[in-house]
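Here come two complexes built around subunit A, the first alongside subunit B, the second alongside subunit C.
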Partner chain A sequence: MSKVTGRDGMAAQGQYGGRIGAEEFHSGKVRDILIEAGREASERALANGKRRAERAKAYGPLGQTICDTKFAPTEKVTAVVNADYTQDPRSTSLDELCKRATAACTSMLKVDERMRRALVQIQSGMNRELIVASENGEIAIDVDEAYAKTQGLVHVFALAPGQKVAEDYYDALGGMHGLEVLDGRNLYCQPFERWAMGISDQIAKLSSAPMLEGRFDNVKVLTDGAFNSLWTHEVNGHPSEGDRVKGMEMGYAGRSWFFRNALEHWIGKQVASPLLNVTSRNDLDAYGKFMFDAEGTRGTPVYHIKDGKFVGFLHSRWTAQAMTDMGIANQVPNGSMRATNALNVPYIRMKQTGIEGGTSSIAQMLAMIDDGFYLVGRKIPSMSESRENFQISPMMAFRIQNGRVGQMYRRVSLMADSMPYMMSIIAIGNDVGLHNIFNCGKAQPQQVMYLCNFAPSMLAIGNMIGGLAKAA
Partner chain B sequence: MIKTQGDLEELAEIGLKEVMGLPRVREAEVFASSNEVDTTKDDLETDVPCGVVHQPSCMKTEGVGVRLFTNDGLYGFGFESSLGKTAVVNAAKKALDGAYPKPLVQHLPNCTSDKPKTTNYHDLRILEAGGTESVDFGYRCADGVIEVYRREGFTAEDNLALSGDVTTVREGIGIRSSRGIVGGDTSTLMWAYLTSMIQKRNSKGTGWATGGRIDTFSPEEAGRMAASNAVRSIGGQRIPKSGKHNVVFGPQAVTDLVHHFLQAVFNAAAVGVGHTPISGVYGKQAISSLLNVYDDGSLPGLAATKGINCEGLPTERTDLIKEGVLVGFLSDQETAQTWNGDFENDATKMYREKLRKMLGTTDIPILRGRNGFRFGRGGGRQYMGEPSVEATNLFLEGTNPIPEQALLEAIGDGLYIGTLWYTYPVHGINAGDVTSTAIANSYIVKGGKIVSPLLPNTVRIEDNFPRMFNNLLAVGDKVRTALVWGIESMVNTPEIAIRDVNLSDIAQYMSASKAA
Partner chain C sequence: MSDTQRIEVEDLDRVKGPISDAISEISRTPGVEYVRVNLRDDDGPTAVAQDGSLVLASRDFDCCYNVESYWQRWNGCTRAVWR
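After this line comes the complex of A and B, so read on.
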């Protein structure tokens, strides 16, 4: 990918990316390809700048805010970051992986007679990113960062006798290492096959569970770390992305309920219980681990919510400068601009975003529930446009009465308005766990990003929605 | 610029000869593709610094994919991101290295004597267009927005905003197989999807445009549509209370429901594994008798039209639902092979036994398998993947359509929902439960008349797809094309009125409190 900021009228950007095949790579054509990419990017940048200047005049008062593209400063850097692996993905035989996947699949089906279908996908590879950038005629960024990534994904279907609706679930086990991820070097500290069979067993049992009927408003809901990792991803992480704040993602991915405009925002204001602290980092041993983003900015930790107050965004150099120009103080790039592949346009993406641990145990939180629910695992989210409301389904739910775990249910979801829910947080658990997200989508054309969210259990007040109620 | 169809076909031809000369190869297919996707992102705000067009970009991908069967019946797939004889051979060697048993499929697609119904439908002007033209598209969207706001007398102090993308795709493919498949295709398509806001008035509108040729695509019109809808949305109100409401769904809202739910009902690959919200209804009433549904990738002039699919077979019309009865399925060749019972082994016997239960019949229909595509989620026809079942130009039409005003009268009191967002099967596709939020272009209806805009982002749908699509009140008579993010197929649909949709009034705190 070549990104150029040029000036013809006004300073503006243009980008051009493409795949380079093995043939071009080994026949010494890379230099010519990169020069051509730079030329194409420049053409777009200069055309952009010229038209921008024209429109700034033509739009009159409606164009008074049209200006140069500007970037916040970042440190000059030269760095080499090596991949961390013991079993090199490049020396793996496809045949071996195929046999492993087939064996896992067969074992999963045999776990329980309720199992109907199992899909296994294993992938392992190596990425290396070379980022070189110039500023004011000098090389300012020279980064060579490599990483391995291995993942095993499962999708299972189970149907219990007498049930009409099958239970299906998918999840992945992965890490930023070689094939040793499948042998135990992962967040679950177990071999892929054992984890996959555990999923099959859970879903098979769940397929016999009744579906929750009705709707239960304003009840106490204890949510486990896996559920909360998805919850914080959707409700805190995404609306903290600087480009949403700038309104760039209104069309597809949405805006941010934390920030309406320069005069209406929650920066420095209470948005949650003082118990809640949400942060992003990039140094945990999980997806989303990296040192430098696609602009060559070093990834640095940032708080989004501190003691319940909203305090910070994920920024690129452009969004940090743009927000500074909007009059919002203390906005700096924090290494959040990433692309799935080098040929894609980088966007602001979460890295490793999550909720810091509290002091309550599960037992203590259960004891606080007279009549409520315990949600375990994560399934599917649906968010409103600025993330101000959410509906997220767990893998399963349990009725809690007088602190005791009761009936297991499936086909349930938790729905609530984001800020009231966050304000209602009663307790936060001391059991933080890391959970990889392998299918976070953004951008046009769509880019699927691998990242990590972490969270403990949490007790709050929300609305439980049962499935059958909708069919009535 | 992408490679010519002639070059790609020539490469596929030469490449196939090389692959067939490799040891162990029984039969093979070579698919070569060359794609360029230009995306121009709009960013215009009258209250904060902006650029109008933020980052115009182009993504180029070209390479070859090889599918083959070995002499001992194993199947393999490999690809290379280069165009050339060596790349084809390397892709084939990868396919051989990773070849594995695939008991449900025994051979590559057979050729046919059918000829493509649509040829030379691409626009040369788009093929030859460079970066400057694509930058222009983005500015033209903004021109349309500014034109409307100026005409309506809005000023910068109203905090006007525009965001969205214009995408131009240029795709070329060449395909040859040892089973006699000979084909090539060139297509050009464009779409714009925009959102505009009058932030001081808390109003929002969306607009879009699609086209296969420059003279059928108007970025200005997409901009005008978004801004006009934002103007119409001023003074939005909330629904009086959560509960059941009659709803007219506009084309974009219907498109969202189609892509995330209805398509699974007639996607043969999904149905075959039970991944559908409505099962056991082949030849029976699946949804309301007020709807017909069909797919046709061969129609000239539409953005999602292709001359041949990505398996080298001509596209055609497939009838899917007639008066609510499920009559057909979209399929690729692999799925068709298994459904059609081309051959039998233990795996196909088990698959077809389960399929009969999924279909609710002992007579499994014969599939023509003309919908195998290698779409890149908004990024061309990709050599990197194997074909899968995809729709092209999907059509919904009423069996007894009525005018738009009559649709509103049919619902009496209720809502018109224009744009939905984050529509997902929240409890799994099998359960069919729908959740989604209404984000723009929506109105409150009383006595069959629109009485006020609906405040954006204040309504969540919580319902069930089979229930909704079996409770149609009426279907409109005006068909419009709409699209959703990341999906190449386009839906051509009228408005649809549905009875008793369960809606929740959400996010009241956003209206009650203004921060800072």
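After this line comes the complex of A and C, so read on.
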């Protein structure tokens, strides 16, 4: 024992994580391991609070921005959540999985002579997490949540005769269930093999398509649900994360264009066409479905954009309280604190963020386009630091003239400033679809998260950039 | 490691008591106001094939934990801490 005396400190938290092997687990050492981890975490908390207090004094007026960590209250909870599966991932034969992956990969290569390479990864797993927390010496959170997850991922390369640049694409079919996901219990309602061969066929055809030449500014662009799921993920979802808003991700993932500081922000103000409604939830049958976050807070729905006005963030207990202390009203924890595994420090992650459906059909929106583009599928996002502008590539694009679908192009991008683009939305489709994202990365060290985005088709005005860009 | 030695998700039932015990122990430290333990077990197979050939086959088991301790504000007083 040692004593720390005579210095002011601030309230702060500390964390410590590690792995447990079977030998340690079965020999009854878990209690001692956790106590030792708790000692490390407590010392880190103490050192954190001490250093904060020192900096608060040293920085003068700027030091006033350094303050105690406080947690917003959440409900006391005791809950058990069981996994939902029919084919237990743990009893799945590895040999069978290997044969299935190899057979699918071979079939994909045979789809078309333009196919050059194919990769298939199939994984199925069972996860169970215990979340127990005390406040003032009493157990307040006691959560036991399990879920299954199964995914088939493909990455394909195709090269057409006469083309110098190959076309490549990767995507995944998955769900929060057992191996039955690969047999049709998925967002595409089809077996993995059929879906994978469809991807191969699509990319082989696309490899023969020309690249768009030049750029087209301020044109009408119809985007499908898959593209918009990626768009809303990047432009609405990420900047709604409370830790980005507080600047905690400033050096890593970035900040938020919705919030500059307590006096300059877009809360309650129009950031988009009144047609746009963006929300986060955690109850859809797709990736990102869970009942409690890593703090044991029950996941609750939250609107980010309501009738075009920005209204809410994704919060942990700390970010909700911190923004409340900044004088921002109605900030509550909504179960958004998650980690890739228990070893990592949890932080704020999207769960199931998306755009609510509108009233327009694809045919109605196409009829509104004299000269523009139709973007289908999602490929690569390229985002500014605070998400205030974007360049996002679809899987493919079609030229639209006089409401008719024309030439198919590959390697194109939609580029725009986020707010003008959102204000320019002309119509939102009635065709909402769910789209899993299996590779959302954030922070340092990077944690890769599975989640879901949902979106309908949408018609707005933006700038189209070709793969063979020339000055306009 | 034999299959009988690995940690199964059902085994987590056996550590619910030890987790609560550990939290009680950590909470007894003066100044510690909040303690959270996350303990998670992941089991499952993975297969990867490239260009028609198998390149990876594994069955992964991972059990890991994270402990968070929250130390309330303390001012000029003597605090006993571990170590």
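We adopt the following convention: the second predicted complex is superposed on the first by the 461 of 472 C-alpha atoms of A that agree within 3 Å, B and C clash if a C-alpha of one lies under 4 Å from a C-alpha of the other, contacts with A are read in each partner's own complex, and residues count from 1 in each chain.
Following the convention adopted for this analysis, a residue touches a chain if its C-beta (ideal position, glycine included) is under 8 Å from a C-beta of that chain, and two chains touch if they have at least 3 such contacts.
Remember, predicted model here, so these are calculated numbers, not experimental data.
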Query raised in the report: Thinking of the overlay built on chain A, is A:Phe71 touched by subunit B (first), by subunit C (second), by both, or by neither?
Result: second
Query raised in the report: Is A:Gly14 in contact with subunit B, with subunit C, with both, or with neither (first, second, both, neither)?
Result: both
Query raised in the report: Who does A:Leu94 touch here: subunit B (first), subunit C (second), both, or neither?
Result: both
Requested in this report: Have a look at where A:Gly441 lands relative to subunit B and subunit C in the superposition and call it first, second, both or neither.
Outcome: first
**Report entry** Which superposed partner A:Leu451 touches (first subunit B, second subunit C, both, neither)
**Finding:** neither
Query - Partner chain(s) touched by A:Met383 [first = subunit B, second = subunit C, both, neither] - result: first
Query raised in the report: Does the superposition put A:Leu459 against subunit B (first), subunit C (second), both, or neither?
Result: neither
Query raised in the report: Now for A:Leu109: first (subunit B), second (subunit C), both, or neither, which partner does it touch?
Result: second
Query raised in the report: If you stack the two complexes on chain A, which partner ends up touching A:Gly296: first (subunit B), second (subunit C), both, or neither?
Result: second
Query raised in the report: On subunit A, what residues does subunit B touch that subunit C touches as well?
Result: 3, 10, 12-23, 40, 43-44, 48, 69, 93-94, 98, 102, 117, 343-345
**Report entry** Residues of subunit A that touch subunit B when the two form their complex
**Finding:** 3, 10, 12-24, 40, 43-44, 47-48, 51-52, 55, 59, 61-67, 69-70, 93-95, 98, 102, 116-117, 157, 165-169, 211, 246-252, 254, 257, 260-267, 269, 322, 325-326, 343-345, 379-386, 388-389, 391-393, 410-413, 415, 417, 419-420, 441, 444-446, 465, 467, 469-471
**Report entry** subunit B residues within the subunit A interface of the complex
**Finding:** 37, 39, 41-63, 80-84, 86-87, 90, 94, 97-98, 100, 130-132, 134-136, 139, 142-143, 146, 149-150, 155-156, 159-161, 163-165, 167, 193-195, 197, 199, 206, 273-275, 376-379, 421-437, 439, 456-457, 460, 462-464, 466-467, 485-486, 502, 504, 506-510, 514-516
Report summary line: Given the complex, residues on subunit C that touch subunit A span 1, 5-9, 11-12, 15-16, 18-29, 31-54, 56-76, 78-83
Requested in this report: Using the touch definition up top, name the residues of subunit A that touch subunit C in the complex.
Outcome: 1-23, 25-26, 28, 30-31, 33-35, 37-46, 48-49, 68-69, 71, 89-90, 92-94, 97-98, 100-102, 104-106, 109, 117-137, 139, 141, 144, 146, 149, 294-296, 339, 341-346
